[in-house]
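First the structure, which I've put down as structure tokens, then a few questions once you've had a look.
Residue numbering begins at 1 within each chain, and the chains themselves are lettered A, B, C, D, E and F in the order written.
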Amino acid sequence: MKEDRLFFSAKHSEIKKGKVTDVYFLKTMKILKHLNLEDTEVKAEVFAGESGIFCGLKEVLNLLEDSECKIYSLKEGEKFSKKEVVLRIEGNYSEFGIYETAILGILASSSGWATAAYKCKQAAGEKPVVCFGSRHVHPSVAPVMERSAKVGGVDGVSCVLAADILGIKPLGTIPHAAILIAGSTEKIATAYDEVMPEDEPRIILVDTFKDEAQESLDIARILGKKLEGVRLDTPKERGGVTPDLVREVRKRLDLEGFSHVKIFVSGGLNPEKIKTLSEAGADAFGVGWYISAAPPIEMTMDIKEVEGKPIAKRGRIPGITENKRLKRVK
Amino acid sequence: MKEDRLFFSAKHSEIKKGKVTDVYFLKTMKILKHLNLEDTEVKAEVFAGESGIFCGLKEVLNLLEDSECKIYSLKEGEKFSKKEVVLRIEGNYSEFGIYETAILGILASSSGWATAAYKCKQAAGEKPVVCFGSRHVHPSVAPVMERSAKVGGVDGVSCVLAADILGIKPLGTIPHAAILIAGSTEKIATAYDEVMPEDEPRIILVDTFKDEAQESLDIARILGKKLEGVRLDTPKERGGVTPDLVREVRKRLDLEGFSHVKIFVSGGLNPEKIKTLSEAGADAFGVGWYISAAPPIEMTMDIKEVEGKPIAKRGRIPGITENKRLKRVK
Amino acid sequence: MKEDRLFFSAKHSEIKKGKVTDVYFLKTMKILKHLNLEDTEVKAEVFAGESGIFCGLKEVLNLLEDSECKIYSLKEGEKFSKKEVVLRIEGNYSEFGIYETAILGILASSSGWATAAYKCKQAAGEKPVVCFGSRHVHPSVAPVMERSAKVGGVDGVSCVLAADILGIKPLGTIPHAAILIAGSTEKIATAYDEVMPEDEPRIILVDTFKDEAQESLDIARILGKKLEGVRLDTPKERGGVTPDLVREVRKRLDLEGFSHVKIFVSGGLNPEKIKTLSEAGADAFGVGWYISAAPPIEMTMDIKEVEGKPIAKRGRIPGITENKRLKRVK
Amino acid sequence: MKEDRLFFSAKHSEIKKGKVTDVYFLKTMKILKHLNLEDTEVKAEVFAGESGIFCGLKEVLNLLEDSECKIYSLKEGEKFSKKEVVLRIEGNYSEFGIYETAILGILASSSGWATAAYKCKQAAGEKPVVCFGSRHVHPSVAPVMERSAKVGGVDGVSCVLAADILGIKPLGTIPHAAILIAGSTEKIATAYDEVMPEDEPRIILVDTFKDEAQESLDIARILGKKLEGVRLDTPKERGGVTPDLVREVRKRLDLEGFSHVKIFVSGGLNPEKIKTLSEAGADAFGVGWYISAAPPIEMTMDIKEVEGKPIAKRGRIPGITENKRLKRVK
Amino acid sequence: MKEDRLFFSAKHSEIKKGKVTDVYFLKTMKILKHLNLEDTEVKAEVFAGESGIFCGLKEVLNLLEDSECKIYSLKEGEKFSKKEVVLRIEGNYSEFGIYETAILGILASSSGWATAAYKCKQAAGEKPVVCFGSRHVHPSVAPVMERSAKVGGVDGVSCVLAADILGIKPLGTIPHAAILIAGSTEKIATAYDEVMPEDEPRIILVDTFKDEAQESLDIARILGKKLEGVRLDTPKERGGVTPDLVREVRKRLDLEGFSHVKIFVSGGLNPEKIKTLSEAGADAFGVGWYISAAPPIEMTMDIKEVEGKPIAKRGRIPGITENKRLKRVK
Amino acid sequence: MKEDRLFFSAKHSEIKKGKVTDVYFLKTMKILKHLNLEDTEVKAEVFAGESGIFCGLKEVLNLLEDSECKIYSLKEGEKFSKKEVVLRIEGNYSEFGIYETAILGILASSSGWATAAYKCKQAAGEKPVVCFGSRHVHPSVAPVMERSAKVGGVDGVSCVLAADILGIKPLGTIPHAAILIAGSTEKIATAYDEVMPEDEPRIILVDTFKDEAQESLDIARILGKKLEGVRLDTPKERGGVTPDLVREVRKRLDLEGFSHVKIFVSGGLNPEKIKTLSEAGADAFGVGWYISAAPPIEMTMDIKEVEGKPIAKRGRIPGITENKRLKRVK
């Protein structure tokens, strides 16, 4: 076993060389050459198994940058419906056949993440949603996932590399770990204020040691006007973050004159919870699992024309599918 | 936007440098230094949200190879139960804190894939299961996914790079695409037989143009004893692969003297379908979506001891959790 | 046991003589005579247990042709609602009492079949529906069933005797049996074309040996413009007839210039399936089980007036039920 | 429309002549003759869509009495399981092809009725079950239905013609109609006792005018030791016949010394109700709808061998199906 | 055990003295005195766990008649919604703290009964509803329950003491017991007519010995114009009171000229049954279990202000809740 | 309206005088006298609508202490099954008829409470259960309810009057109200310790202001060995009391050397929650709503014998029901 690699994920160069391919595509090329068919002109279409938000085109175009195929596609961020054709490739089969595995994988996973992110953002309306999901995916795809979430509509991401790629500032405060090591939320809040640049918003996590409402007030009394917000991340074992909790923290902050302090919520959020927490007064949302563990959206590639003649395997409609939303992108 | 990269996935070096991290771990380090706490000795535990098969340790150890932390862990391929602690890290927080995101992501996704693969293999018993799922994940993680499937128990994989990493031969025949281009399954079968090395089993996909039973016989008549098997991959639009279809193809092959021809099935398989198709006579199973679109298994890291003192955030039990199954791995 | 009859079904003469009667009606006549009550004037009503389409009146009138009773009734083919009175008989009890069993049986079974047929026709709209259900009922009632289906709205029937009674031409092509015996659909299609009169539409069953789409094209190439339609009757073991199959066959026929070839579907149809297959492009529907295995609609006869006095057994409302839709039919 | 027949049901001679056939069998014969294939030797099998009790063989044998086919079959009254082959015909196709519609119809409906009857009898154990269902089927099949019920296990039937065919005495007392005309249950009970032969059991229906318990006692006081039983047929509008009612009537009869009076129940019975009413003390059961409105059991005929060669349409297993339970019956 | 009391229910004097209190309120007073806090000014609010009809205020005011607290409240009979504050007490805690148990118990049980009664009355519309539920509650609270039902909207009550307290005439006829002792409904009906004052409506229970329809007519023939109504209370064992029964009794009475006789129904009624029976012709309704076994509506008292400062325990919103519907009642 | 009473509940003397009776029993007596039937000897039975624990006999015997009836009954605390006869009264109808309403009400409500309490105690096993439910019932029945709970098996009660009647010490600590007024749990805990007698266990409610785990430790540090237990009563708004919370509080107490401190739980408990909380380490249970809001168990009285003759209304079995478990109690 060649397990002497640092990581098992594919390197960019390996992907580009077509090594991430199901072996039958290699065999296919061998056989087609044997039959002198390797330069057959075909039209292939990719359709989606479910409705969603289209994402991944940029990487697909990079993958095919050296080929002479024509590509027609939706734009990243556009909605597609179930069974809709989202991409069409026209050209010499040998120029893209080997990439089928990679093309479908890019589109399926990217669109899955973008779609989940879109639903969260729809639920949140004007209020910001931040993607916190890197910890649930392999680090090699974490930036792909967060970029897709951004395409789907989230306002910020927490992964440093993803933010770097997107040219934005990563968002996040400090974790429970820091507070546990310091032994006190107050101590951490004070230090945070001391070391962070002025333009960094002071948002403090308030559920580590004490009751959330109590700790929110304790921190607000320390940081005063400088406190931008508190983050509620109550674990399931304590009932999770609920509308009742948000309403109570809001009221207790207001009663003591801290109406400027925002309430940031996280922990097991999904579009429905975002909606009810928002109605209860939450101001911003950190979403992890719902976005990053979202299933891919199945993408299927079918050859629909061979040398100008409509064709299809049994079960599929021969000939290209008209879809006026597809635009020439290459 | 720095979208001038070839792909958005993280490079091995980026992961190793800790760039795939939620930003709050960077802030944590800054603050802990400010408080002179960066060298705090801690014990941190990772527990699983669901039961499953443990996978990903190899990459985690590579990630931490330069640290002096002690690590206790299950072995890859071992079962774990819901809420069980699967990994414990003891050492200087600064040596591993920044890697929390990556460690959890590796374990969560690898264990999710291994667990799904394990269930398929349990259903198939002695009969071979091959992982065909690369097309549903981003190409950067396809080899991670297929290696995890192997750890979970599958007998073969289809991705060339994954097979290369695992030091095995990739499995797979030829796709519908090749047959559509050639215009005839018989033509492809003949060519396949002509160009492939002798030790490559002749397994032909038989549902592209004709009825599966009819095409199975047509191919068997051409390749005779050399035909190792036929692959049924009937699309949903034609009822999918069913026990009735398997029984009928088996009987028709037998009636014409082709009892040596095996039946390989694929297309939307899951453990339950594997079981009923196996009972109906299927000899081998190609599984894609069920394995590669399996959700991650949530992994959570908790600091449980700080400088020798049991601690935990609200909602968790302070102090390390006894688990005799954990072994020192570093 | 007098099992020396050819069939156990009742002969017309046996029915007319009142031999198909529950024995208690014979006893009733004996007792009423003993009490000098045999000529009691009564009004009896028949009501339906469920809503439906009224059918069977013609036979009931034939049964009672010699009596002097007045009869009020709905017309055959009219809708009735649950619990509605559909028939009223007024007269000397001895003239019709013995026929209660037969009257109710005729109306219950005929209305059951007519109602099921009506629902199929509603689903099919303008497109033709043909009753194929004789094989699920005893041959003695097959013509009753098909005539009821016609009253309920179907466009054609397949049973020769029923068609004869209805004065129409029976519909149907050739069964799988013929094709199996001939060993080839093409051979049968050619022969069919040769021996059938010119005005007999050429509709060929295309699922015996080959894939439906493939066989449709093969037959279309043979019969060309003479081919009226293909019949899809895919068995459950191959996924049955689905909207996807219809769409694909339609498209493949069109692509090769056979737009004139109609698609006739059959096999386990019901109103819901008719609707979705029609939307997918099916042109005509052969319905068997749904019509012929339809349960009877319970019909109950109550005496509601005796010698001009309202009466009823416990649980029923005494006196005749006003229903302006009933018309004097005898 | 030739609606000048007395009834639309088929005459025995029409069935024997093969007029109750789907028209495609006529066409088949014409084409096979054209192809000189009319004398093809085939083996055809009939299998059942559901499990049940086999019935109808006698009529099938009468239908085929003039042919030279060999027939293998289960015996009437035997159980069969789902998908089991219940009948095999071997011979010249022209000798039986035209009868396929009638054969299947006979077996499907007869077995459906026999199966329902069997379930009722199983529930009743040693206690008698009488079939009262003629009123729910067309009079032409009423005797077929009641004979099938007898094959399925019932102890008696109510239809005069059916009883005559079976060589038994029809069972039944007097209906509500007689009591309503006489205006009093007591009057009818007295007259019944006066006019009926001594060996005719005195069973009186007790729910027409009064409460069942009250009327049972009133009648018992009149007929004393001569009263064999009372029949409870309480309509749904009064709660139907329930275990509580049976228990109460039993107790009230016993308390007044009428322990010899049996309780006969009817009205909407099914196996489950039979069981609970039997436990509550009911002595005999009259079953109508459950038996006579039972759906047919789908019977399908497949040609499995042509001129000695195994064959089958797509979806079925070629060649005859071994079933040791089949015995040569012709 | 001091079980030498006649009954275990609390005497009025015991309630007034605060003996029906959870012991922790006594301890509270002791401790607050120890801390010199017994005269703390507080504002306490009572909110409801479910929506309903408010009832019990009169007793609460009597309980607190000697205190100087200010009380704000809804009015008895008003609707409240889930979580709504229904009562606020402002004053010296020592004046009402000990009564918390009693106050909540009064409001919870009274509002539960009033709410159930309200729903029955809503279903009955203009037709009278009488509360028959005393037999399901302890006799000590029977008058509280019936008074609450009156507040909720019922038109009459059956308990003599409750009617006395409400200053109305108790309603009810005679029970099955009387008829069983007399051995005949007719005998009881006649006696009832003889001994009752003229203004007492003659309503007779008609299901003791005979069928309801039969007995209704028998009684109507005896009492003629004097018969105000019949009461149907058919037990479950005979199918209960159903719309069909009501319709039939109505029709049979009308047919014999007794249109003036009303139909009073009882036995397991609830709002839904009241509605369907009313539509079938029932004129009045006796409701027992649905009202008297109705669960209490949970009432919770929270201290929301202490010495003018908003406060609340964790989980509740500090400070008084604005509710303009509350009016000063003391 | 005579609403000038202090409370609407019945006084002991009113119950004894038979004023809590449905008015039809008064009318019955009047009519029976008119018919000279007031001294009829009857046997009446009470049966239960559901299974449960028998309770209320003591009050029933007090109610009938002056009559000469014979009474047969189960013992308080015994189990009864659905439909079982639990009480039989034999004697002169005039001596007990008027008490039917009260007798049934006492038994129905007392048995309902005892049954609910029994189920809680079954779930708790050896660990103590205390009834806290007075606040959900009218104060007049609070002691009846708590005595019934004791008969059903609870170990203690909180209502002062009930405890007094039962001759036991009432249980309970101090409510949230006290802590809110004092403004600090620590202050209250200290005061509690100062003023309470030594033999009064120190159990402190720990969820008013702070997180339960935090407050448990704070209080344990103050009271040390004197602290008997902490009470967790977490409101629904904070996730309620869960097994996770119990486990965590237990562990945190143990880690700081407070293993002697018991965990008392309350708040929305039912048998299922008691079981899971007990398994998680809870030591004692305070149950309110589940016991005190338990529905009554319907009790029905039937006259089964009149002057030695078996009788019953329609729907019931005449004559007394044999039940060897009934013992003569008067």
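What we mean here is this: contacts are C-beta pairs under 8 Å (C-beta built on N, C-alpha and C of every residue); 3 or more make two chains touch, one makes a residue touch a chain.
Keep in mind the model is a prediction, meaning the values are calculated, not measured.
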Third chains touching both chain F and chain D: B, E
Chain hops separating chain F from chain B, counting only touching neighbours: 1
Classification of the chain B:chain D interface as same or different, half of numbers criterion: different
Listed pair (B-F, C-D or A-F) duplicating the D-F contact set, over half by residue number: B-F
Where chain B and chain C are represented by their mean Cα positions, the distance between them in whole Å: 56
Distance between chain centroids, defined by C-alpha means - chain A, chain D (Å): 65
Interchain centroid distance [CA atoms averaged], chain E/chain F, Å: 21
Of all residues in chain B, the ones touching two or more other chains: 209-211, 214, 236-238, 244, 248, 312, 314-316
Contact graph of the chains (line, ring, star, complete, other): other
Those chain pairs that satisfy the touch definition: A-B, A-C, A-E, A-F, B-C, B-D, B-F, C-D, C-E, D-E, D-F, E-F
Residue ranges of chain A touching chain C (in the complex, touch as defined): 310, 312, 314-319
Residue numbers on chain F that touch chain E, as the complex places them: 1-3, 5-12, 14-16, 19-28, 30-32, 34-35, 37, 40, 42, 44, 58-59, 62, 93, 97, 100-102, 104-106, 108-110, 132, 134-144, 147, 158-167, 170-183, 187-188, 191-192, 194-196, 207-210, 234-238, 289, 292-293, 295-296, 298-299, 301-303, 306, 311-316
Residue numbers on chain F that touch chain A, as the complex places them: 209-211, 214, 236-240, 242, 244-245, 248
Residues of chain B touching chain D in the complex: 211, 213-214, 244, 247-248, 251-252, 255
